[in-house]
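Next up is a structure, given as structure tokens.
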Amino acid sequence: METYPKKRLSIIIEAPFLNRLLDLLDDLEVPGYTALPALAGRGGRGAWRRDSLSSDAGRMVQVLIVLDQEKVPPVLTAVRKVLDRQMGIVTISDVEVLRPDKF
Amino acid sequence: METYPKKRLSIIIEAPFLNRLLDLLDDLEVPGYTALPALAGRGGRGAWRRDSLSSDAGRMVQVLIVLDQEKVPPVLTAVRKVLDRQMGIVTISDVEVLRPDKF
Amino acid sequence: METYPKKRLSIIIEAPFLNRLLDLLDDLEVPGYTALPALAGRGGRGAWRRDSLSSDAGRMVQVLIVLDQEKVPPVLTAVRKVLDRQMGIVTISDVEVLRPDKF
Amino acid sequence: MDWGIAVQNLVSPPVLFFALGLAAAMAKSDLAVPEAVAKALSLYLMLAIGFKGGVAAAGHGFGFDIFLIIGAAALLSFCLPPLAFALLRLTTKLGRIDAAAIAAHYGSISIVTFIAATAALDAAGIDYPGTMVAAAAAMEVPAIACALLLARRGGSDDGESRGHAPWREVALNGSVVLLIGAFIVGLSTGETGYKDIAPFISDPFKGVLCLFLLDMGLVAGRELRQVRKTLTPALLGFGLYMPPLGGIIGGLTGAAIGLNTGGIALLCVLTASASYIAVPAAMRLALPEAKPSLYLTLSLAVTFPFNLTVGIPLYIAIANWLS
Amino acid sequence: MDWGIAVQNLVSPPVLFFALGLAAAMAKSDLAVPEAVAKALSLYLMLAIGFKGGVAAAGHGFGFDIFLIIGAAALLSFCLPPLAFALLRLTTKLGRIDAAAIAAHYGSISIVTFIAATAALDAAGIDYPGTMVAAAAAMEVPAIACALLLARRGGSDDGESRGHAPWREVALNGSVVLLIGAFIVGLSTGETGYKDIAPFISDPFKGVLCLFLLDMGLVAGRELRQVRKTLTPALLGFGLYMPPLGGIIGGLTGAAIGLNTGGIALLCVLTASASYIAVPAAMRLALPEAKPSLYLTLSLAVTFPFNLTVGIPLYIAIANWLS
Amino acid sequence: MDWGIAVQNLVSPPVLFFALGLAAAMAKSDLAVPEAVAKALSLYLMLAIGFKGGVAAAGHGFGFDIFLIIGAAALLSFCLPPLAFALLRLTTKLGRIDAAAIAAHYGSISIVTFIAATAALDAAGIDYPGTMVAAAAAMEVPAIACALLLARRGGSDDGESRGHAPWREVALNGSVVLLIGAFIVGLSTGETGYKDIAPFISDPFKGVLCLFLLDMGLVAGRELRQVRKTLTPALLGFGLYMPPLGGIIGGLTGAAIGLNTGGIALLCVLTASASYIAVPAAMRLALPEAKPSLYLTLSLAVTFPFNLTVGIPLYIAIANWLS
């Protein structure tokens, strides 16, 4: 079974920013994305648990993007320009996919 | 701390197919799996957000499977036979585990 | 775009243990974490689906921790001491981050 | 057509809350009903309407005519898809698979449209048989079966359509099971049981319907915002003329089997309405190549609002005229 | 045994909706109540039953007898686990840990069984003291404490059982806090407060119970589908004879402390029922080696349906006979 | 100050359930209302209060005075942030951005405080105009606009504050849209529509409020547990003296435009209360550098409990005195 190397971008971001991020990704040349809800978290700005918040503020969401190695830098640059220091946690890792044309 | 290399399969699939996929995985020799809900996504067939759907159709779920390198091809073959082109996004990556006998 | 290598720890754990695990992580020198809910799973102790449980018992949660390579062994040791054999599935993988000081 | 009923329908709280949801979504407001709550509201409506139908059937006697009604309804839902399919193939450029998937939706029914119609009949003081709920429950499976036959004919040559027929999933889908189950519970407990739980299933019913329709408006409005990409004029037209066409066929059938005015109106409404919950999920499983954006938009964002506002008074008028 | 009450119980809407859920799940229907909604329904039932108990206690005076009732209940829940443990060790091949975990469930109570019993008493016109709710709240902690003692004796030699005793989690678990809290609120506001919120906590109560029992039936049915793997005949038997055994002990105690018929019946029900929400979560924390599939199946899929259908009329008959 | 009203308010079920939630969360109980359910409760309250306001406005005639009320409310919410900002900069060490973010919250309003106040007025038999709901809807946008101006002045030199003004998100935020929309629906359907859905929006209203306030208590209690880290005495003081200060300004304005006692009391309550749902989300988008822990704690865990318990009777007393 032949596989092809791609990159997997994970962006953990505050819920109120999600719509903006997705709108941005829709404009960029990103082949697709998936957003997953989070239950709880801790980072530099303290801890939160979902049931202790009445507002979206402070709640997190993870956005996964599988894409070509070359597209990573332009996507990251665009994302950082809009979301800046509040953009949360970005990680990049290696994945293999089966159908390279999809990404 | 000694660790052992395994593979991590991620399958992003439409919610109405989830039960079928899990039934299939229960039949295959897969050591285990975990399914996570998704909030929103975009791919070749357009974008969706969870709050804009009244039906399960179009909604996505991520299924994670940690397993042996050798078991990846048979599992993928079986999965693709049942789910075919609609099966969504499959990625494979390397992970390390602590207890190799569990997988 | 310069990136720095880190480790990504994924702990899949039963929901009733989540609060204990997060309290422990708050005590340890962990730069942060994110917990994600799960929908369904199967492992050594059988299968579960979220809608078939009236109690938290048996339900799973995934906790992601991005951290320095050196911090992985002490964190794992501490986690295993508290959670022991019931602690579920632990995987470790490589990721790249943009801002090494955050982790 | 009785304009009083039409106006009364348009300014009733349920329709106005639907309009509010539609407007909010089109204006991109972040107003949203959580998914779990929307599901709970629909469980509630299903349980209440099924139970009340059963109690009514227990009260008015329960005999041969219920099988007649169910039989007629099942037949209608099996016969409507070929008509819809033919119209779609003639007037649009849709392929066989997409046309069959849409046809399945129009053979099936929308229970919320049915509920809104019972509310309108209540407000207009028109009586209807409680057994009509059983008809609603019988109109899902035949429509899907027929549509799959349409899709499969000639499907072998192009290698498409490898989905598996979801018979089990469809026949045992949650809505149908709850509707029939609650009907049977209502039938068994009759008036005694009804008095027990009336403050839950009857008094707040119309208010819950308002909240549910607010959500339906939000969902339909979000669909409509993306409409330009998928909705050609021919398709839009289909979503608007198919309901009254089906409605007339349903109404004639209702008159033929001797239903009263309210019964005819409700059979009109059932044939005129299109599914947007159970059938879409079944189509994903059975015809995964069909585009969900087409059938969801058409059923949810065109036909549903049409029926809720213009359709219901129209079908009541047809029923008045036929009986 | 009064067969009228038994039949009345079996054809009441709550029990029929439970049966509907059970049947739907066994037939693999996808009918499901969203998790958040099920939690909300149980919060509602807890809040309403606690509040109504408090109002009743405020009305009928409130004195020494409440402490007597609570004391007896706590004692019962501490003494039942050793009995259950001994029976399990004698009749099944379960290890110490698993037997102790199951025993904890049978010492504790099921609040929904309690609520269904109050509904059956209301329907049969039998009076009961409002303070019984306080007894229900007192029966969780002692059962868990006793079961942990049973599990730990001899636990040192096999190195097992490294879980931490979850005292804080158990004593402050949501159900108990809400039940007691709502009781106190009801006690403080009395009839005035009751009139304020009766349309919320009283009128729709039985209907909400129907919806909740539908979900319980679904959950129990899903458990039952996997039953063959875990349920030996000896275990199944335990799930069926332990409730009436406990019920008789509870009934005798109730008669001994001078409760009226309704009070005896409810104490019967409390000792006869087994926990399936709070105790399972506590056992995962305290005895993680115990297999959840065993105790969940037994309590939820065997004892709960037994009590709801056969048990409640039986316990009322026992109470009639004892008083 | 009428101590009867104060005591009546303190021992009313809504306030007691809030206290229960507060106590449970401070004791680290795991009692929790699922997020989806909390959102549904708040949708319900919004829909009901808006609709009832519209019906009342339809009944009592609807003329120039509604624009006067809305105008006064909008003006108040634009003028309060500079006062709050100045007080914060004088008495605390907060930076410009944090002070502005907090000021936005105090210019805006808490709809639940408003609802609790209407319940207290109902209980005390004091009349108020239905149009006050429209005033509540008008007090969000001006407060945010003004706070952003405060934050931006001098914002250029330190390169901060790169967030984008969230005008669209704020103006079309769900709460405001539902409140205004339900008001318009109520206005259009009047008494006829009200009778239709009263068993849903009116009868259980106060009970739903109890459940919602239980959740608010839980959320506020969890905030309070982490309070030591963020809450300096000066900030705490601000959270306690700002509400009555704002309340007096609101009350004077209400008297000046000729409102009746109930209307003055409600305008008091609106100016005295601080937002904790819409404005926090808007601040994350517009002023991401501001610390959410500061403004959420202050508004939710200090000002809200203060207003609910001590504030409401105080504002009614002020209104009595001013009219």
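The letters A, B, C, D, E and F name the chains in turn, as written, and every chain counts its residues from 1.
In this text, a contact is a pair of C-beta atoms (placed from the backbone, for glycine too) under 8 Å apart; a residue touches a chain by one contact, two chains touch by 3 or more.
The shown structure was predicted, so the numbers you read here are calculated from the model rather than taken from an experiment.
Hopping across touching chains, the smallest step count from chain B to chain E is 2. In whole angstrom, the spacing between the mean C-alpha positions of chain A and chain E is 45. Centre-to-centre spacing of chain E and chain F amounts to 41 Å, using the average Cα coordinate of each chain. The residues of chain F that reach two or more other chains are 30, 32-37, 199, 203-204, listed in rising order. Among the residues of chain B, those touching two or more other chains are numbered 36-37, 49, 93-94. Chain pairs recorded as touching, per the definition above, are A-B, A-C, A-F, B-C, B-D, C-E, D-E, D-F, E-F.
Here chain B touches chain C in the complex through residues 1, 3, 6, 8, 18, 22, 25-26, 30-37, 61, 64, 66, 93-98, 102, going by the rule given at the top. By the touch criterion stated above, chain E contacts chain F in their complex at residues 34-37, 39-40, 43-44, 47, 51, 168-169, 172-174, 177-178, 181-182, 184-185, 188-189, 193, 196-201, 203-204. For chain B in complex with chain D, the residues that touch the partner chain are 14, 16-17, 20, 45-46, 49-58, 84-86.
The residues of chain D lying in touch with chain B in their complex are 32-35, 38, 162-163, 215-216, 218-219, 222-223, 276-278, 280-281, 283-285, 288-289, 291-293, 296, 300.
Residues 10, 12, 36-44, 47, 49, 60, 62, 72-73, 76-77, 89-94 of chain C are the ones touching chain B in the complex.
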